[in-house]
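The data blocks that follow each hold one structure.
Consider the two complexes below, in which subunit A is the common component and subunit B and subunit C are the respective partners.
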Partner chain A sequence: MTYVDKDYSASNGGAGTDDGAPQEDSALRLELRTAASTVVIATIRTVAADLAARADFDLDSIDDLRMAVDDLCAMLVRIAPADATLRCRFTAHAEQIVVAADVEVEDGTEPPPTRSFGWRVLECLADEVSAEALPRELGQRGRICITVTKNAVTAQQP
Partner chain B sequence: MGVSRRALYGARVDSESPAADFPADIIGLQVAEHGPDARVVTVRGEVDTLTAPKLASFLHTQLSAARVVVVDLDGVDFLGSAGLSALFEANELAARERRALRLVCHSRIANRALEATELRDHFTFADTVPDALKNSV
Partner chain C sequence: MTPSVSSVGTEQGEYAHLVPLQRRYAELDPNDPERPGLREQLINGYLPVAEHIARRFAGRGEPLDDLMQVATVGLINAVDRFEPGRGSDFFSFAVPTITGEVRRYFRDHGWSTRVPRRLKDLHIAIRSALAELSQQLGRAPRPSEIADRLGLPVAEVIEGLQAGEAYRSSSLDEMLGSGEGKATLGEFIGGLDGELALIDDREALRPLLAQLPPRERTIIALRFFRQLTQTQIAEQVGISQMHVSRVLRQTLAYLHEQMAGSD
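== the complex of A and B ==
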């Protein structure tokens, strides 16, 4: 596991991650890299719920994010080859957490079907969901990435 | 990094101790018979990708043996989409085979899972296990 950045405050101005992306000072960033195995999913969803609790999400939103992260990790593990790495990048803002998770895949692997049971569950649990295939870089396999956005407050359902 | 990770997991999964040793079993499934036609399945712990297949086959077995199967979810600490899918499929099986599947659920997270995914209306609920068994035969 790689703990990238736990800087909540803006006082530390320049602190950021090493991926060269523009950084927002108030966001907390955390990245987990594990084997793409069902065994680790419980730990990853617990990290997600912990982040949400610390970001003062309401109880329903914490549970929704826990379930959404479980679901998206399970989808990625299912399409990953046995030796693949699962990478989960969490960005916690004051009112929102974004989870971008990806796995290496063999050529020709499609993103999870959006008509599947798991995908429909994911759409119910998260505020925004998207999947994309990231192109293969030299000497590496391509990746499938699922990104989920969850707001701190869950809108009341009718 | 890749090498050490693989070594770590390889050691865990491929050594003579079975992979099931880690993590320890996080689901508990028990069944009690109530007369010849009704069974109560008590589910505890976490129902996720790892454990949902056990729940699915357990419910399948009970539904093939009894006309009424009550599933007590009060002790569930996590219910993911794989678990929801297992319950949903058991419910469909029950409907096809003219059996009754009834849920008892006071677990906060399980209720949240059923509500957020709008699956609650597909199931029959009872407030308590005795209530669920009342109209069993």
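== the complex of A and C ==
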């Protein structure tokens, strides 16, 4: 597993970054790349929950994000061939975390159906969910990506 | 035997008749033949207090029966050790004594992984702050809000929350038998059917949902069909948010597993 991270502190302007690439405001970025296997899901969801806790999400939202990441990784691992790579990119803004996870897939693999129970669960756990097939790069397999957005405070239904 | 949650402590009047017995019990010579009978009367009389305290600790992964027993031991200790001459009333002595007994029990029995005592105490403090703050805020608190309430650094609260993950999680088997909630199934079953129709795999899902124990089904339905938050569900079902979280995770894992098997 490899990861890339950036300073947590929100206040220092976010000017200098290691690679010199322009980075948006003070968002924390973290990327995990691993074999698409169920055994790593526990680690990934723990990272998600830890990011949310340190971003001061309310406890419901921390737990929702943990479950959402667990579910979306499970969905992706299910459609991935045995030797595929799973990639999770976390972007933690002040009041919002975006998780974009993707796997390599065989030609013709469809994104998960949005009318499934699993998708319904994701929609309830996250504030926004989307799935897309990423454009294929030359000599690479196609990838399917699920993106979830979670806000720091879970709005209460009346 | 089932006092309403608010009656104990606020209306000490219902225990007023025990006060003279208490004085008498304390005055008697330890070998006086009248003592055992008085002791029993006092213990039985104050039993609702122990029960009330045990209930406040329910929904944290330990069976209520066990908590009742532990709280009763605490009550017996309180009855035996109370000295009316000291000026304080029985409640202000008994409540901390009983609560302490239950806390000790949690500290010693409730953990599946060895967690340092400091973290266990911290976790218990976080739980009570969590309950209070959820009530006040009308939503789950943030770690910073818990830290403010407890006067601790946020990093320490996060550490305590993570330690909570090691708290004994009840197995599915255990869930099957466990208590009943306040939310009734009939309240939303119609809504559930309507919502299910929007889902393609409802044919696989419906029998699985039907098989779940009522409380687990209620919690799944409230979360994923009515879209209540964990904190709201905790309030409605009468268990802690952390317990709701455990039930959701275990039940979801079970449902996914069963659905994957049915493909």
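Rule of thumb we're sticking to: the second predicted complex is superposed on the first by the 144 of 158 C-alpha atoms of A that agree within 3 Å, B and C clash if a C-alpha of one lies under 4 Å from a C-alpha of the other, contacts with A are read in each partner's own complex, and residues count from 1 in each chain.
In this text, a residue touches a chain if its C-beta (ideal position, glycine included) is under 8 Å from a C-beta of that chain, and two chains touch if they have at least 3 such contacts.
Keep in mind it's a predicted model, so treat the numbers as computed, not measured.
Enquirer: Could you look at A:Ala74 and tell me whether it touches subunit B, subunit C, both or neither (first, second, both, neither)?
Expert: In the superposition, A:Ala74 touches subunit B and subunit C alike.
Enquirer: Pick one for A:Leu138: touches subunit B only (first), subunit C only (second), both, or neither.
Expert: Neither partner.
Enquirer: Quick check on the superposed pair: does A:Val121 touch subunit B, subunit C, both, or neither? Answer first, second, both or neither.
Expert: A:Val121: touches subunit B and subunit C.
Enquirer: Now for A:Ala152: first (subunit B), second (subunit C), both, or neither, which partner does it touch?
Expert: A:Ala152 sits against subunit C, while subunit B stays out of touch.
Enquirer: Touching A:Asp60 in the superposition: subunit B (first), subunit C (second), both, neither?
Expert: Both subunit B and subunit C are touched by A:Asp60.
Enquirer: Output check: A:Pro113 vs subunit B and subunit C. Expected answer is one of first, second, both, neither. What do you get?
Expert: Once the two structures are laid over each other on A, A:Pro113 reaches subunit C alone.
Enquirer: Touching A:Val39 in the superposition: subunit B (first), subunit C (second), both, neither?
Expert: In the superposed model, A:Val39 contacts subunit B only, not subunit C.
Enquirer: Overlap the subunit B and subunit C contact sets on subunit A and report the shared residues.
Expert: Overlap of subunit B and subunit C footprints on subunit A: residues 59-60, 63-64, 67, 70-71, 74, 117-118, 120-121, 124, 157.
Enquirer: In their complex, what parts of subunit C are in touch with subunit A?
Expert: The contact residues of subunit C facing subunit A are 130, 138-144, 154, 158, 161-162, 198-202, 205, 223-224, 226-232, 241, 245, 248-249, 252, 255-256, 259-260.
Enquirer: For subunit A, which residues are in contact with subunit B within the complex?
Expert: Within the complex, subunit A contacts subunit B at residues 33-35, 37-39, 41-42, 45, 59-60, 63-64, 66-67, 70-71, 74, 77, 83, 85, 117-118, 120-122, 124-125, 157.
Enquirer: Mind listing the subunit B positions that touch subunit A in their complex?
Expert: 1-2, 5-6, 9, 19, 22-23, 26, 46, 48-50, 78-82, 84-85, 88, 108-109, 112-113, 115-118
Enquirer: Quick check on the complex: what are the subunit A residues that touch subunit C?
Expert: 50, 53-54, 56-64, 67, 70-71, 74, 78, 113, 115-118, 120-121, 124, 152-154, 156-157
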